[in-house]
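Here come two complexes built around chain A, the first alongside chain B, the second alongside chain C.
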Partner chain A sequence: MLFTSYEFIAFLGGLFILYYILPKKCQWVLLLIGSAVFYAWAGLRFLAYIGITTVTTWFAAVRIGAIQATGNAFYDAHKKEMDKDARKAYKAGIKKKTRVWFLACLLLNLGILAVIKYTDFVIDNINAIFSAEISFLSFALPMGISFYTFKSMGYLIDVYRNKAEAQGNLAKFALFVSFFPQIIQGPISRYNKLSETLYAQHAFDPLQIRRGLLRIAWGFFKKLVIADRLLVAVKTLAGSPEEYQGAYVVLIILFYAIELYADFTGGIDITIGVGEIFGIQMEENFITPYFSKNINEYWTRWHITMGTWFKDYIFYPLSVSQPMLKLSKWSRDHMGKAVGKRVTVYIANIVVWFATGLWHGAAWNFIVWGMLNCVVTVASYEMEPLYKKFHAALPATNRGWYNVFQMFRTFWLMGAIRILDVYRNVPTSFKQVGSIFTTGGWGSIFSADIAKLGLTGPDYTVLFIGCVLMIAVSVVRYRQKDDIRANIEACGTVAVTAVILALVFAVLIFGAYGVGYDASQFIYNQF
Partner chain B sequence: MEELLEILENLHPEVDFSDCDTLIDDKILDSFDIITLVTEINTEFGVAIPAEELIPENFNSAEALYELIERLQDED
Partner chain C sequence: MKKRIIAIVAALAVFCAGFWFFQRLLMPKYINDIIEGRLIADYYDNAGGNDVIFIGDCECYENISPIKMWEDYGITSYIRGSAQQLIWQSYYLLEETLEYETPDVVVFNVLSMKYNEPQNEAYNRLTLDGMKWSSSKVGSIKASMTEEESFLSYVFPLLRYHARWSELSGEDWEYMFKTKRSFHQGYLMRVDVRPVTTYPSKRPLTDYQFGSTAYEYLDKITALCKEKGVELVLMKAPSISPVWYDEWEAQIEDYAAENGLKYINFLELLDEVGIDFNTDTYDNGLHLNLSGAEKMAVYFGRYLQQECGIADHRNDPEIAAVWQEKVDFYHQMEADQYRELEEYGYLKSYGGRPVTEEGK
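And now, the complex of A and B:
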């Protein structure tokens, strides 16, 4: 059931009415039923996968929680009788018992994800390297498997680390895993954060509901008016790389940056807005990413919950693990302080970016995309002292105009790396980017030829106005802590309602439907 | 504490670490800095900071970080 389908609108409307009619204590149960229906809509057989992850994670976390509770109670009662070594040994004993459940559950669920998502990729590479003819297994990818697996494993790690309390109620945990607004493209919520409002009883709050509807309408506008319209041109350009080179590659970098942003943030706007109309708060996944001044800042603003997941659950544990600390010490002793300081950070960074690339898809273009991000991140880190000297020597570079230049530079750099996602082929991507410097065609993209990309003059006008609106909304968000809704709400209820209606009409009139358009999946659904 | 301040100042000479309690919130320290700190602290203080302690509350100020080191030394 796509967010941009009539079924979803009907489903959401029905759920919304029941949510506020039925007794409040039924609200979370209703959301669970709704989530099950939403998931089953994609195919009943997929329920088994998410069911296994839910039950195994719930059970392992409950066991870990029970071991910790019993162990900690005994420790508190007897710690005065123990000396320092005995206390340490007792705590290590508790950790060892919980580790068995933790590792078993982690390996099982990551194993399922690996087998389902990556088996054919491995077979493909084996076939290519050894000229073998192993048949593909062609597993159907369960909806949102990367998202719900990461969400569940985040919860398991938090319980294992004593940072979250194990949820004893299987049905409540099932709602956390399968919560329908975020099952297909995130945000990858943390249990502690989402559970604050997910299971609570919510009164009908018109202000909150209008706020949610405003965000949903804005999400639909971005998705249907901007992203799906641009998709036509992006498909045309990506479909004929031989024909569209040079300046056209610059054009596709720009178009894809806008399309992906409108598509992904539009989907997240709908997700967060749907949560808000039910009184449920979720983390922001994007905070004006295209206003980032460098790649490190970009990754703290784009797909935030994925970035923090990799940071908290892979980058940090790997960097501070005993073998890495030993390696750092060894490197420091044998190769100097500078190497010792860097070795753990660099190895962990390579692992994280490899995993991030692989998470996006079982293909080399995603892995290369990840490794390019890794290279730029490390280069940026190494050049930081140089940048500081540069800014100190030229104080003018700390002013506004230079910030705009840095944003511009980061936008195009990230766009150029993202081209691997457009062509889905590593050599083609490099060849196309190279053609920017060897092939012209600048006159062509500023001529009537641009109409051959499948979009008409009015389409470009709609896109221009849509982009101006997106930039204006982003500027407001960049300058203040809250989003633009706070400003609209300050103008009164009528203003909020008027903006919602204006967006709905804009979607109905200018939305990209019908012949020539493919108002299909959100791009991030596939990950 | 002086040893810790020296490590921090080597990382970011431009920051007054004795008077800042928003090192993470204001993005003064990033994830690379944190790992560099953990390895330096491991060398200088002989304390291994586990991953579950890598949270903003422990790294927002030099004081909070020093308290963490003392707590972990005590547990050892």
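And now, the complex of A and C:
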């Protein structure tokens, strides 16, 4: 059930009415039923996968929680009787007991993800390297498997680390894992945060509902009016790399940057808006990423929950793990302080970016994309002293115009790396980027040839207006803590309603949907 | 609370009004181009009092002149035809028509027997959009939809036609709440001539057997007519393209014989009807022009009176008065088309194209 399908609109409408008609204590149960229906819509057989992850994670977390509770109670009662070593040994014993459950559950669920998502990729590489002819297994990918697996494993790690309490109610935990607005493309919520509102009872709050509807309408606008319209041109350009080189590659970088942003943030707007109409708050996943001045800032603004997941659950634990600490010490001793301190950070970075690339898809283009991000991140880190000197020597570079230049530079740099996602082929991607410097064609993209990309003059006009609106909304968000809805709400109820209606009609009329349009999934559905 | 309800109702009212407005604006009007898109809706202004109802595809609405049939025989008739009308659409149109009136005879053109499954969204729209909402329309939509279509887009055509925003013209504004009179009891008049130069060859088919769905709906048409006490006549119009195979002919003859139905294949009666494809077609033999359609009306009118006993209503002053107005409009359009032909060399306002363009 795509967010942009008629079925979803009807499903959401029905659920919304029931949510506020039924007694409040039934609300979370209704959301669980709704999530099950939403998930089953993609295929009943997929319920088994998410079911296994839900049950095993819940059970392991409950066991871990129970061991910790019993152990801690015993420890508190008897710690006075134990000396320091005994206390340490006792705590280690508890940790050991919980680690068995933790590792078993982690390996099982990451194993399911790995087998389903990456087996064919491994087979493909084995076939290529050893000229073998192993048949592909072609597993059907359960909807949102990467998202719900990461969400569940995040919860398991938090319980294991004593940062979250195990949820004793399986049904409530099932709702956390399968909460339907998030299942397709995140955000990858943390249990502690989401559970605060997910299981709470929510009264009918018109203000909150209007806010949610506004966000949903804006999400649909970005997805259907901008992203899906641009998709036509992106497909044309990406489909004939031999024909569209040079300046066209610059054009596709620009178009894809807009399309991906409108598509992904549009989906997240719908997700967050849907949560809001049910009174459930979710964290932001994007905060004006294209206004980032460098790659590090970019990754704190783009797909934030994924970035923090990798940081909290892979980067930091890896950096402070025993082998890495030993390596760090060894490096400092043998390579000097400056190099030594970098070794473990860079290794952790490489692992994280490799995993991030692989998370996006089982293909070399995603892995290379991840590693390129790693290279740029490391290069930025290495060049920091140079930047400091540069800014000190030229104080003018701390002013606004230089910030704009930095945003411009980061936008195109990230766009150029993202080209690997466009062509889905590593050599082609590099060849195409290379053609920017070897092939001209700048005249073509400013001529009537641009109409051959499947978009008409009126389409470009709609896109231009849509992009201007997106930029305006982003500028407001960049300059203030809250989003533009606060400004609209300040103008009164009529203004909010008028904006919602205007967006709805803009989507209905200018949206790229229905017969004649190639219905497209949200891009991040595939990850 | 009261204020809140009023606000919600007001917002919904604005939404509904806006939706309705944009839907009216964006739906195609079929005023000067593809005017057959208005044929189905045209019936509701002329429903009732017809002796004969023709149902079928373009071989019906372009090949027979009901006005000529009235002038020569006093037979009142209407053609419920539409472009590439599929047999299930014919059935549901007939079902709907029989809710409005009970004619003596229903004539069904059998060309659509060759289709056994939904074909084309654009043609579906030409038939289905014009129908008024009824269980017949719902049935017809469900039977006709291709995989890419959704039922909801028939309920709310804005969802289908929203992309027309970039091609809106003055016509869309002018005809938002009205339409133009263009047809003569479902007949689409063309007076121009484009003779047959080559006859289409009969490309062999792998399977000549009509499909089970086609037969199912032919059975339904037959049963419906029997139930309503209406005589069903099967017809194959005298269009030479698309080709009509002997194997198809045999199946229809067998069906007619088995069900006690009259069947006339006009392709075998060209000389008797007087059809001359040098003068009686406007598009190489696909459809007849006015001259051909009137010849068909003369022959068929006589047949209907002699074989089916249809009465002559010309002496009924009430009916005659109503039909006189139709006759006047008919001849007025005929004269106007001849004027345009003389002035421009083609039917500029009636869907014609300059000869050089047509020759492409």
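Methods note: the second predicted complex is superposed on the first by the 523 of 527 C-alpha atoms of A that agree within 3 Å, B and C clash if a C-alpha of one lies under 4 Å from a C-alpha of the other, contacts with A are read in each partner's own complex, and residues count from 1 in each chain.
Basically, contacts are C-beta pairs under 8 Å (C-beta built on N, C-alpha and C of every residue); 3 or more make two chains touch, one makes a residue touch a chain.
All values derive from a computational prediction rather than experimental measurement.
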(request) Could you look at A:S319 and tell me whether it touches chain B, chain C, both or neither (first, second, both, neither)? (result) first
(message) One more residue to check, A:N487. First (chain B), second (chain C), both or neither?
(response) neither
(request) Have a look at where A:T456 lands relative to chain B and chain C in the superposition and call it first, second, both or neither. (result) second
(message) Going by the contact rule stated at the top, is it chain B or chain C that touches a larger number of residues on chain A?
(response) B
(request) Identify the partner contact of A:F505: answer first if only chain B is touched, second if only chain C is, both if each is, neither if none is. (result) second
(request) Jot down the residues of chain A that show up as touching in both complexes, chain B in one and chain C in the other. (result) none
(request) Going by the contact rule at the top, pick out the chain A residues touching chain B in the complex. (result) 88, 161-163, 296-297, 300, 311-312, 315-317, 319-322, 325, 328-329, 332, 340-341, 344-345, 348-349, 381, 388
(request) Mind listing the chain A positions that touch chain C in their complex? (result) 6, 206, 456, 458-459, 493, 497, 501, 504-505, 508-511, 513-517
(request) Give every residue of chain C touching chain A within the complex, in rising order. (result) 4, 7, 11, 14-15, 18-19, 22, 26, 121, 148-150, 152-153, 158-160, 162-163, 165-166
(message) Could you list, by residue number, the parts of chain B that touch chain A in their complex?
(response) 14, 27, 30-32, 34-36, 38-40, 42-43, 48-52, 54, 75-76
